[in-house]
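Structure first, then comments.
By written order: A, B, C and D. Residues from 1 in each chain.
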Amino acid sequence: MAINVVIAGPRGKMGSEAVKMVLNEEDFRLVACIDRKNDGKTLNSIISSVDATVPIYDDIETCLDQQKEVDVLVELSVPEAGYKHTKCAINHGIRPVVGTTGFTENQLAELDELAKKQNIGCIIAPNFAIGAVLMMKFAKMAASYFPDVDIIEKHHDNKLDAPSGTAIKTAELISENRTVKQQGHPEEKETLTGARGADVDGMKVHSIRLPGLVAHQEVIFGSAGQTLTIKHDSIDRASFMDGVKFCIERVLESKGLTYGLENIL
Amino acid sequence: MAINVVIAGPRGKMGSEAVKMVLNEEDFRLVACIDRKNDGKTLNSIISSVDATVPIYDDIETCLDQQKEVDVLVELSVPEAGYKHTKCAINHGIRPVVGTTGFTENQLAELDELAKKQNIGCIIAPNFAIGAVLMMKFAKMAASYFPDVDIIEKHHDNKLDAPSGTAIKTAELISENRTVKQQGHPEEKETLTGARGADVDGMKVHSIRLPGLVAHQEVIFGSAGQTLTIKHDSIDRASFMDGVKFCIERVLESKGLTYGLENIL
Amino acid sequence: MAINVVIAGPRGKMGSEAVKMVLNEEDFRLVACIDRKNDGKTLNSIISSVDATVPIYDDIETCLDQQKEVDVLVELSVPEAGYKHTKCAINHGIRPVVGTTGFTENQLAELDELAKKQNIGCIIAPNFAIGAVLMMKFAKMAASYFPDVDIIEKHHDNKLDAPSGTAIKTAELISENRTVKQQGHPEEKETLTGARGADVDGMKVHSIRLPGLVAHQEVIFGSAGQTLTIKHDSIDRASFMDGVKFCIERVLESKGLTYGLENIL
Amino acid sequence: MAINVVIAGPRGKMGSEAVKMVLNEEDFRLVACIDRKNDGKTLNSIISSVDATVPIYDDIETCLDQQKEVDVLVELSVPEAGYKHTKCAINHGIRPVVGTTGFTENQLAELDELAKKQNIGCIIAPNFAIGAVLMMKFAKMAASYFPDVDIIEKHHDNKLDAPSGTAIKTAELISENRTVKQQGHPEEKETLTGARGADVDGMKVHSIRLPGLVAHQEVIFGSAGQTLTIKHDSIDRASFMDGVKFCIERVLESKGLTYGLENIL
C-alpha cells in the first residue's frame, strides 16, 4: 500500500525536488501541497513541468482536516512556518519529515513530547544528504583510532564562508572521539601565512574555492605507513532526495523526535 | 605498569616491525622472543639494529615456564607454529595476539573455549591495518543505503592476483548489506572487453597495476547527485603496527576468541 | 571593438549555452541566429530566458547577405547543415568556429583551401572542453617518459558504451608516444574475469558507471617510486563555453583550417 | 655500446640509488666512484649490498686522468664539491649530469661557456623526478587558460617548512602564464583564520602534514563546469632515478649547459 504524502514548500529548491521524487516513487502518493500563495489551485498550474492535479492549500489545518488519509508531512517551506506545520501535523497524528531549520531547544523538546503522546515518529534533519551524513559518522568513528586528521573541503567560488558548515560540524564530531594533539612537527614554520590551514584543537581544516566545483569534502586520517580518506562529492540537490525518501519510510516505524539523520543511519 | 610482551617470529617481516614497535612504546616491555633457530642467544645478536638483550627461546613451553610475568604473546611466526604457540599461551594464562593465518574452524572453536575457561582474551587478526579494516567496515555500513558501488584497488605491478584479497573481502562484506542489482545501463556495451571490470553480484571491481604504487583501494558509492568514497592507502608495513599495538591493549580486557579486527573497532 | 557573432543552432544544448555566453561577454556582440524553424522571429520570442531581440534567419545565405558586419559564425546546429553553413561563411569572408561533427576528409580539405584563399581562419573542434583537451595533450606528452599507464574513466550509469570515446581517443594519443609494453606481471592472473580492465597495446582502460557521476577521467602514469595523474572532471555543459570563447578570439588571428583544439592550445 | 659512468657521492642518499641504477642498466657501465673518504678501496668494500669491485678515488683529477673511457660524470656529492667536479669533468671532455645544488649565476655561465668550447653537453637538475617536473610544466601550460588554481601539497609530518619548495616553485611557474586575479568571492570571510590557505598573487596554496604521507602535490584548475587536476605522488627516492637515467642518455646529444629537467622534457 502506498504511503500518502503532503509536501509543504513545493516551489522551493528542495521542495520542488521532493515533488518530483514523490511523484516518481511507486510506493509514495502525493495527496496535497501546502503553499502560502496558491490556495485552491492545482500543482500542474504552478509548476509547468509537473502534470499532477494535486490540490494546493495555503492553510495546513484546512488541508489536514480535509485530506483524511495522509501518512507523512514533508516540511520544506521556510523557518517561520516550520514549527507551526510540524506541530499541526503531529496533532493530526501525521508523521513529519522536516528539512526546515531554526527550531529552538524548547520547540524540539515540545515536539518530542507531543509525538510520543501521539505514539508516532517525527524526523527533523538539517542535512538530508545520506552520503554527507555517513562521511561525518565514519570520520567520527575513525577519529578514535587516528588522532592525526586534515579536513579539505572544496566549494564553488561564490561561497562566502570558509570553512563550510559541514567542515566545522565534521571537526566537532571528530573532536568527540579524537585524542587532542597539536599536529605537524613542533617546529614547523609557515613561510607563507595560512599555508597550514585553520586550526581546530590541533587538527587542520583547508577550504578550496574554485569555479567548476560544487560541494565536496574529504577527511584524511594518517598514521605510520597508511592514510584513510573519507570523501563526499555532491553535485546536485538531487543528492538530498535519497535522504528524504529514507526518512519518509523510517518515520513510520519510529516513535518521538529524531534529530539528525546520523542517529538513524 | 608496563604490559609484558613475548614476540614469536622476531626475524620475519611483521615480527621485526613488531619488535621495533614494542621496544619504542613506553607502556610495553619486551621480555622474550620465540625463534626456532636462535635458542639461547639475545635479540641484539641476531638483529643488528636492535640493542636489547632480550633472551631468545626456540621452545615456547620453556619460555613461558621460565618467564613468569608475561601478559601477552604476539604470534607472528609461521602457519605451522601458530596454533601450537597460541594454545600454549592460553594454557599458561597468557593472552595471544595472533597475525599468523591458517587456523581451521575446529582450532578456532577450541581456542575460544580454552580462552573462556581461562577467563582471558585471545585476538586472531588476518589484517592488522586499522585503516584497511575500517575501510571495509565503513563500506559494509554504507552498502545498506547505496546499492551502486565500484571497488578500485591499485597495487604495484609485481602482484600476481587480481582482484586483491582485500577487494574480494570488501565485496563480500558489502554483499551482506547491499540490495542486489545489476549496475550500469541494462543495454550498456563493452566495445573493449573488460572495460567494465569484474562483476560480483552486479557490482564492479577494477584492478590497477603500476610501478610506483604499493597497496591502495577505494570504494565508491554513487546515488543521484552524490558519491561517497572510502579510500585506504598503505605504503609501508609500519601500517600494521597501529593494529598490533591496539590489540595488545584490547586483549587484556576481552574474554574468549575475537576473530578479525573489525569486531573490536 | 566588439567581435560580431552569428550563432547557428540557438535552441540546441550547446547552442543555447553559446547564446548565453556570447550575450554575457562584453567583447562579443550577437548579431543574428540561424534556425531552420523560426525565420523572421526574434531570439527572445523563442528562448524565454533571453531578452535580446536578435533576428533569426532560416537561411544562412540571406542572413550573411543582410548582416554586413559579421566577424565569426559559431556553428552548433546539426551534422546535415554543418558543412553548408561553414562553407557559406567562408565564402562571405566570415570565420567559422564549428562544433558540429560529421565532416568528411574531402570536405575538410576543401574548407582548408577555401579559407586559405580568403585569407581567413576556420576552426573545427569535436571537443570544446579545454580541460579535457589539455588532459589528452598532457597524457600524450607524459607517455614519452612513462610507458606504464592506466586510464580510469567514470560516467553516469546511463552511458551505453564503455570505454568512453574520450578514453579511446586518449589511449590513441598516448600510443603515439608510448613504448609498447605488456603492463603488469607477466604471470598475473585474473581470478575474476575483467578485473584488469580492457587492454590497448598492453595499457589498461577501466570504465566506472555510477549514479552521481557525470563525466570524469584520470590518466595515471607509474614508474619506480612515483605516479603522475592527470584528471579531468566535467559536471556541466558550461565546460564547453570556455573553449568556444577561446576559439572565437583565436579564429580571428589564424589562417586556413585548424582541426582540433589541441593544435592551438 | 655501453655508456661509461663515474659517480661522485656513492654513499649519499641519491648517490647510492644511482649506483644501484647504473649497475642494473644494461646500457650503462660503472667505471669508478669519487668519494673523499675511501680512496683506493673498491665499491663492494664500502657498500655491503653491492658486489661490484669498482675503484674509488678521492680526487676527481686523478680519477679522470687514469680512467680513459669515461662518457658521463654523475655528480651527486655535496654543494662544496659540485662546482669543482663539474668543471673538471668538462675540462676532460666528459659530460656532467649534476644533482648537486648551490651553483652561482657566474658559475653556471662559466660552465655553459666551457661546455660549448668542448662541444659537449652538461645537465644540472635541481629535481630529477620526471613526474614532478612534468607536473610543474603542465601546470604552467594550463595556467594560460585557467586563471583559477589551488595548489595542495601533502607531506609527512616531520617536514619543517610550509609550503614545500616544489609548491612555491609551481606557483612561480604558474604566475608566468596566469592572468593575475584575486580568487574566491570578493566578500568571502574566513570564520577560522587560515582556512583559505596561503595567498600567492590571488591563487591559494594549502599544506597538509600527516603521518603516512611521503611527498605529494596536486594542482587543481577550475573553470565553469570543469576542473583539471595534475597530481604527483612520490613515495620513494627511487623516483629520481628515471630522471638520472634520462639525463645520462640525453647529455650525450646536447651541447652547452641545460639547467632544469623541464627544458629537455
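By definition in this document, contacts are C-beta pairs under 8 Å (C-beta built on N, C-alpha and C of every residue); 3 or more make two chains touch, one makes a residue touch a chain.
In this text the structure is predicted, and so the values were computed from the model without any measurement.
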Same-residue or different-residue interface between chain B and chain C, half as cut-off: same
Between C-D and B-D, the pair with more C-beta contacts: C-D
Between chain C and chain D, centroid-to-centroid distance (C-alpha), Å: 37
Between chain B and chain C, centroid-to-centroid distance (C-alpha), Å: 49
Distance between chain centroids, defined by C-alpha means - chain B, chain D (Å): 38
Set of chain B residues in contact with two or more other chains: 212, 221, 223-227, 233, 235, 239
Arrangement of touching chains [line / ring / star / complete / other]: complete
Sites on chain D touched by chain A in the complex: 148-150, 152, 157-163, 168, 183-185, 187-200, 204-213, 220-227
Chain B residues within the chain A interface of the complex: 129-132, 134-135, 138, 141-142, 145-146, 218, 221, 223-242, 246, 265
Footprint of chain D on chain B - complex, ascending: 212, 214, 233, 235, 239
